[in-house]
Structures are given as C-alpha cells and as structure tokens.
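The two complexes that follow have chain A in common; it is paired with chain B in the first and with chain C in the second.
Let's look at the complex of A and B:
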C-alpha cells in the first residue's frame, strides 16, 4: 500500500514531464523525418533526407554552426576568465563590503535577455547611442556596431559577456568559499607565492567547480537565440546567425517544420556530445 | 395575506418585468455587450488612431477591444501559432494582415470568408474602397477574405530647407547643369542623395536607409527594383526575372548608395531606426512608408516637421497594405465583424483619417477638408495606382526571406557580385513557386 501511494504522488509530475518534454521531443523527431510545410500539413516520409540536406547541401546551416561554435567558445572563455578574476578579488580575506560588490556584480544576470538586448541596441545605436557619443569625445569615429559586418559578432559577444559573467561568478564564488584553508596555510608556511598558490592549489581544487560552470554556460550559449533576435536578427548577412536562430527562421519564416526539426535534433546531438565530453573530464578530475 | 403584502408582491413583479424587458431591449441593441476582443497590431500611428476611437465603440456596443501593439518584426511569428490553433480557441479575435502574408494565410485555410458577413451588414460597402486595394489584396478568387485597413505606398521624403539652400542649389547646378528639380528616376535620386551627403555637414547623411536583414532591406530595395522596371516574377508567365539586367542594376545602385550616402551601421538599421534618424534631422532624403508622414509631421516627435516634402518614388515603387481579417481560431468572429464594420464605416473611417490615419477608402482622398489638413496626401492616389506589391503567392514570406538573405549577403560583401546574389535568389525563387496554389487566382 505504501509503495503504491509513493507512485501515486509521482504520477502528476510524470504526466507533466511527458506532456512538456517527452511528447514535444518525440513529435519533433517524427516531423524531422517528414516533409512538413506549415500551410500544407505533414507530407511524405523522407527518412534522413532533411538531416542530409542540412549537413551536406546547405551552406547556410554550416555557417550557423560555425557562428555558434565561435560564439560559444568566445563567451565561455571570456566569461570564465573574467568571472574567475572577479571571484578571486571577492575572495580576498577581510574584504570590506564584499556583499555589496557581489550584489552590484549580480545585477546584469538579473536582467532578462530581451531587456539587455534592447538596452544595448540603444546604447550602441551608431548615431543616437551613448557609446559612440563618448567615443566621439576622444576623437574615435562612429562605429556601426551591430550594423558593421566586422563588428557585429564581437559586439554580440561583448554584450553576452556583460550579461552572463555574473552567472559564472556566482558559481565560482561559492566554490572558492568552500575550499579548505589548510592547504593554503601550509603553502604559506612553505613560502609559496600567491601565483604558486593559485596555480598549484586553487586551480586544481576548483577544477570540478570550473568544469560545472563551463558546462552550464556552454549549454546555454550553444542555444543562444534571444540576444541574436533582438540585436541583429542574425545579420548583417549571416554574420551572427546562430543555430537556434537558424532553426527559428526555418520554422517560422520559411514555415519548413521538417528541416527546422532536423536541425533542432542536430543541435541537441551536438550539445549532448560536448556535455558528455565535459562530464567525462569532470569524472576524471573528481577521482 | 394582508393587503399591503399583496401590493408589495405586485410592485416587485412589475419592477422585475420592466427590468427584464429593458434588459432584453439592451441585449437586442448590444448583442455582444460584455465581450472583450483581443487583437495584435503593429506599434505604429494608425494603431494609435484606432485606440483613440475605441471608447466610442465600447459605448455604442458594450464590446471592449484590447490591442496588443508590437514591433512589426515580431508580428508574423506571433500570428502563426494563433492561426494554427483549432477553431474558436485562439487568443486573438481578429487580426491585421500585411499584404504579403495574404497568400500564406489564404492557402493555409486560416481565414474566414467575409462575403456572408458583408451581405448581412447593409451599412458596409466595399465600393467605398480604392478598387485596386480590393482586387489586389482583399479578394482572392472572387472571395473577400479581408477588408483594407491602411495602404502604405512608398514615397521619397526630403528636406526642403537643405534642397532650397544656396549651397545645395549651387552644387546641384554645377553637377547637373540645371536648376534643382525633384528626381525623375531612381538613378537621378541616387546621384542627388550622394550630392546632398557631400554638401551637408558630416553628421547629416545624404539618406537615412534601412538595410537590416530581411524585411527592412527588401522593402527598401524593391522600390529601386520596381522603379527601374524590374520585378520578382513576370506577372503573366510567373517566370522569375529578379536577376535580369534591371535587377542587377538596381542591386548595384542600392549597394553603392549604402556605401556612399547612408548612415554608419546601415546594414543593421530597421524601419524605426531609419525613421528616427530622419526625424532627428540627420539625413536629407529617405524612402518612407507614407503613413510614417504622420510621425514625420508631428512637432512633438520630429525636428523637421515643417521642412519636408513627400514625392512619389519615380516611375513605380512598392505598395503595401494592411487589412483586417478574421481567423478561424477566433473565439468571437461575429463580435469581431461588429468592430471591423464599425471602424470601417464611412463616418469612423473619415474620423480616423482626419485624426491622421491613412485611409483605404477612395472618396476620402477627394475630400477638401482632408486634403487641406494633409496636403502631402495629394500624391497618394497616384502612388497607389502606379506601384506594385510583393506577389500574393502562398509563400510570399519566403519570397521576402530569399531576397533578403541574398541582398543582405551582397551588400556586406559575403557574395561578391549582384549577378551572383540575384542568380542564387532566382534559383530558390523559381523552386519556391512551382505548384503554388495561389497562381491560379493571381490576375494577369
């Protein structure tokens, strides 16, 4: 009786999970093997045709993949380095107003990505934005930022770094706070410098936390859509078109749900593979 | 029972009966009272004008209308899930349709035909409208699916204070060998824009342009294409002709103008950024959706409200139109029609026009009071008559997407030549239109 009661309590959660996660996943998989233009309804079964076309015959999807990898690699690296530096500063012993600094540094991540995008679009408007205005005071010519093909991707990366560094900072601050003090005290007694302590004690002890932070941030960066939608719509040209934006375009602009679902699954496989690699490394580090 | 008790019962019965009778009368007059209608509209001046007349509608009918006003670029994506919803289960009760979504929405079977509703509404008359708006947009295969809301022909707006200045006049005379005249061709327009950019201070550009990816760049470039005699498809044979000589020249001219006369970051500028730049006084020329003239001439928003002039895009240009429609997923289609027939009645349409809306009803353009208030509207009828729209094929959105992707890639150098960009577009456009169910309805 007790056992049956236990399962009864789980059933509502399972129903929600099936409806919200499993059903859409399976339906998307089903669609990805069919021709499906929204205004015409589900068409014939095409097996792996949609996947093959996207990988081998459509240059645009490969460009989106390249953009996604560049974007993800850049934001994760920059945010990790920035957040780690800030975390070390916040971890200084007897630092006054630590909590105040932490709260201020948390503000960006509390702002919704849509608001961040709109805000930075205004700041970076080539003629009316405040950034070009201040740069102009120092004689720097106006930049197109999101409208400049060479600057669009770096600008998007910079905005993302501004927004998301706080997230990694939170994880790293928690990690540093939980490190035991004894290895550091022993190292001090042995005459180790701060740099040596960082290299030989802090980094090795923090490696599991760092890997978790990388994994969390990498997964969300690979799926970036909202900032791209608000700031650049994937342009100029295809300079900032990420895979998520490509999927949105295929589904809602071209109404081609078959191809959109296929690319969505390819993105899912990419995320799974990268996540599994990181989990393996994490497992080794923990051991 | 006492006498006073009997009297009380009698009085209560009479009062109750009167109340019921009054209520039934109200219900007959206001059959949809208490309903709230929801609609998604573009965040633009014509929507603001509709909002101004809503209290009057609510007072007359008891129907409340809630408008969700959003940026244009998000509208199509928000509407698609609504249109796919089962009958009477959507969030929105009616919608406004941009003309190049017509083919998609009709081919998808998502809209309710309106002829029966029109027949049941004696006060509503399609003959009030500019005929080409009905034949081009509102009707497909002889069935009325939509009612024109506001047309948006494209025009050129320019700063008269700059073109009438001695510096500009002198420079114009030197370059063209004649006195200043409004451009007679799009090629002449391009040369005048570049001249204006050279004559004005560095912070004032020759033209404010909008080359952001997809909709903005396409809507602006099609003015160049149509003005130079080109087209996306031959409207008789439906062969794709976008990559003919006219198309290539139009693309090259457009790119040249972006590079030599437009604002920095133009390949990221959309409609609003282009308009904001112009009303801030930072450009001499721009190609505009004529309804934006309301903002351009508003002293609260525009620094140039009293020194601008609107002229047609030479020879041709892009014509668009927004229309009212009722989708099958509407929870209250009859109440929605109540609103549409009211807001498009002669009285309210005229009232909206006098507030500042862009009328779709032809007779308003002949009204002296309307023309006195809006002298720039004298060209509108001519513009509507000579301009072309994006063809109403079932995948017009993809037509715009294909052109936008390739033009955007061309203007930033991802594709090196106009010929290559347009040949690529033509290949996809040809494939797209094969077997299109809308072709049999499109007039030759």
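Let's look at the complex of A and C:
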C-alpha cells in the first residue's frame, strides 16, 4: 500500500488540530447548551437559555461588551495613527540614526504583556508610583489612575498604546519600504506637495497593508485579558471588565461553565464577524 | 531662496529628530527605571521622592530565587516553550509543505488558518480545563505544551507555507530527475534551504509561548508555573513586593530583548512575510 506523501504529511497536523482545537470547541459548544456549575457536575440541557440570559437579562455582560468595543476601538485607532505618523517620519529620505530609532521603537513588541502591566501598575501606584511623583513636581494633584472610575479605562488604553504601537509600526515600516519609488518621483516632477503625495499616493498604495495591520491588532485587542487581569481585575467595579475577563470570572470565580461557554462563543462570533467585515473591505481594496 | 529652502529643511529635520528621540525616551526611560528598581534595597524601593544615588544590591534577585521558586519557573518556561516550538516545527513544516506544493485543502486551508488566529484563548481554556481535570493533567507541563500547540501550530504552518512557496519547484524536480524520491528531495533540499524560515517561525513560536499568560494561569499549580504567572503571583493581598517584582520583570524580559537584538532581521522578516504578501 502506498499512500501519497502529500496526505501523509498533513496527517500529524490534522490529528493534533482535531484533538486540541476542534474537539475542545465542540465540547465548549455542548457545555454552552447545558446547565453546568462545576461543583454540581453537568446538568440538564437548556438549549439557548444561557445565551438568551446573557444577552437579554444580564447587565454585566453588556457592560463588558461595551468596554471591549470601546477598548478595541480606542487602541486600534490611537496605535494606527501613532504608528503611521512614526512610520512616515522614519521614511524620510536619508534620515540620520534611522535604524537606531527603529530598533528602540520595536523593543516593546518583545516584552511580555504581564511584565508591561506590572511595570505600569508600579509606576502608576497612587502613593508609591513614580508618575504621581513627577506630575507632583509640576503641581499636578495625585491621581488614582487604575483606581479612579473615570481614569481606569483611559489609563489601561494608554498602557496598551505604549506596548502595542510597535507591532503596527513594524508592519507599516515594512509596507512603506516595499512601495515603488516611481509614482512618487513622477508626482514630484509634476510639482505635487508632500501632503498631496501622502493623500493621493501613499495612502491608497498602503491601504491593504493598513487594513491587515488593523485586522491583526483588532483581533488581539478583542481578546484582551492579560493587561486587565494584572492592572485592574476589571475594576473599579466593572469599569474595565472586558469580555475575556468577564468570561474568566464566570468560569473560574463563579464556576458557572455553562454561561461562561455561552459568552465565550458569543465573543468568538463577534471576532469572526468583525474580521469578516475587514476581509470584505480588504478584498474590495485590492481588486 | 536656496538659503531659505535649506533652512526650512534643516528645521523640519530637527523637529523629526526631536519627535523620534522623545518617543524613544518614552520607551527606554520606563525600562531603565525597572532595571534601577530591581537593584535597590527594599527600603529604598518604597521611597518617594526616589533616591537617585544608591548602593546597588542583588538582594531582589536572590529573593525571587530563594524565597520563591523562580528557578523552577524559569526551567518550566524554557522547557515548555522549547518543546511546543519543536513539535510545531516538526509537524507543522510537513503540513505547510503539503499545502504549499499540492494545495491540499485549497481555500479551506486559508480560512482554517485564519480562523485559528481569531480563536480567543478564553474560549478554548474552559474545555481545556475540564478535559485536563478528567485526564489528571492539571498542574503538569505536558498540558501547557499541548495547549500552546493551539496557537503555535497554525502559526508555524502559516509562515512555513509562504516560505516554501518562495522556493522554486524546479529544485526538487531536478533532484527527483536525478533519482531522489519526493521525501528525500524534501529532506535534503527543501529543509536545508528553509533553515531561515524555520528559524524565524521557531523564534516566533518560542516568543508567543514564553509570553503566554491565560493558559498558564489556569492550568498550572505551584510547581508547574511559568515565569509570567510566577511574577503575577508576587502581587499579593498585602501589597506589591516592588523590588522582587522588578527583578522578575527583568528576568522574563531580558531573554526576549537579547533574542530580539540577535535576530532582528529574522523576526521582522518573519512577521511581515504574511502581512505584506
């Protein structure tokens, strides 16, 4: 018996993916249709009850949905604008020290999210933190940052921007470097200003790369968990509770696996739908 | 006129440098502050205003290795990241080759890989936790190695498939004309040529595993913890152990930053490979 190599080669991967992804996903789907409090064991079949309860009768799940969307929208747009600006500056011709800047600006990509969260939690500590001390030197009153209901979300977003802008910058810098020179030179000959070149050449040519960067960042922002766990535990109250953290709380604090799995599936669908929208736009842009 | 033009050019260049230097400082100063705090004595770590001149000490590093089992966490982090990376590379590159050369799965391949990148870990962690409990695998390194395959394997396949597509078919075909079998051509010709791709895929998979937090938090216990979970545990109900936390942050960050400096080109190339194509 001779099995063709091309099938032989994908068998190990298929087996692993079925075991570690497909089977767990189906199991989670099964759980989401049941009552399942961990200590009581799996209970009766409730069809879509868990989903309906979470969507229509629990205020907290909607709050965490809102938080997730606010967080994702803010970090993606802030990081995109910041990274695009920096990428353009780095793209200026014959810029001195370009590579030094680039290397330093890329460092955050490599830092463990947990380390970033802890670092800023220390710096932003109301009494012991260096940030309040420095602002105090300029007469700015002490703030609670992560402990302040109004400031907690913006602070969390700022920490994310410090950490993740580098990733988008990396993609955009590579994208800009791959653009052809000719259209720019032709435009220069025709007397176009830098602003016109940016608007009518750089932006249209870069739009597929920008969309891919948005997609990569949006997907990971929608899943945000580490920073929330380290910096705020969703607090104060539920001000910074993202969907991932809400699901974690439901599953591993309240031990309610049924409801947690239902919300986990809703989160998965949210990501798939938003990504699909972006893929559609991407398809239109590239054709 | 020329003079004015040159002057405005100089000024705008100056502004560009100022902005870039400020951004670089924004990244470097916090990191340097963590390094500084990891070397101060306990009392000084809590002092505000901070002391600028201090006698350095390695106390904080000694603390995390003596009162907390950070040597275990370090070994766990290293062995788990290494094991899952090697497994992903071994089976992932086989599959990637099959996808790249024979278009097995076609469109489904692309959709499948893309979907796995979208899977939130929180969706997988619930069934993983329940199954690991039944299989008695909670608090072992094996369960983390398995769990990390969920994101490493698709990632390796994605990078390697685009890498293999860049290698001309003629190379294997001429080897097969000379009497090699397809498997031999793959082993002797494609694999050696793909070493840069394997290296960059492996690096990424190692970094992803090293930095992972959620799976590690839920699936490990006191002795199978990885570094991120170990450091997070230094933030206790009684407060933050500032010095040891900073030492821990340096411990988890340093290998990644060193890796980054030695392999910049590989990493940047690897990451942008999929994005630009």
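Things worth noting here:
The rule is short, and it goes like this: the second predicted complex is superposed on the first by the 284 of 287 C-alpha atoms of A that agree within 3 Å, B and C clash if a C-alpha of one lies under 4 Å from a C-alpha of the other, contacts with A are read in each partner's own complex, and residues count from 1 in each chain.
Keep in mind that, in the parts below, a residue touches a chain if its C-beta (ideal position, glycine included) is under 8 Å from a C-beta of that chain, and two chains touch if they have at least 3 such contacts.
Remember, predicted model here, so these are calculated numbers, not experimental data.
Residue contacts after overlaying the shared chain place A:232 against chain B, while chain C stays out of touching range. More residues of chain A are touched by C (comparison of chain B with chain C).
Once chain A of one complex is fitted onto chain A of the other, the partner contacts of A:149 are limited to chain B, with no touch recorded for chain C. Looking at the shared chain after the overlay, A:125 reaches both chain B and chain C.
After overlaying the two complexes on the shared chain, residue contacts for A:10 are found with chain C alone; chain B is out of touch. When the two structures are aligned on the shared chain, A:39 is found in touch with chain B, with no touch to chain C. Shared-chain residue A:254: touches chain B; no touch with chain C. By the touch criterion defined above, A:171 reaches chain C but does not reach chain B. Once chain A of one complex is fitted onto chain A of the other, the partner contacts of A:22 are absent, as it touches neither chain B nor chain C. Counting contacts as defined above, chain A residues 125, 127-128, 248, 252 meet chain B in one complex and chain C in the other.
Within the complex formed with chain A, the residues of chain C that make contact are 13, 16-17, 19-20, 23-24, 26-28, 30-31, 33-34, 37, 46, 48-50, 91-92, 94-95, 97-99, 101-102, 104-105, 114-131, 146-147, 149-150, 153-154, 157, 182-183, 186, 207, 210-211, 213-214, 217-218, 227-228, 231-232, 235, 240, 242, 245-246, 248-249, 252-253, 256-257, 259-261, 264, 268, 271-272, 275-276.
Within the complex, the chain A residues that touch chain B are 37-39, 60, 125-128, 142-149, 152, 232-239, 248-249, 252-255.
Contacts from chain A toward chain C in the complex involve residues 5-7, 9-10, 12-14, 16-17, 20-21, 23-25, 27-28, 31, 86, 89-90, 92, 95-97, 101, 103-115, 118-123, 125, 127-128, 130, 133, 162, 170-171, 174-175, 178, 209, 212-213, 216, 219, 222-223, 225-226, 229-230, 243-244, 247-248, 251-252, 257, 260-261, 264-265, 267-268, 271-272, 275. Interface of chain B with chain A (complex): residues 73, 76-77, 80, 84, 104, 107-108, 203, 211-214, 263-269, 273, 276-277, 280, 282, 394-395, 397-398, 401, 405, 408-409, 411-414.
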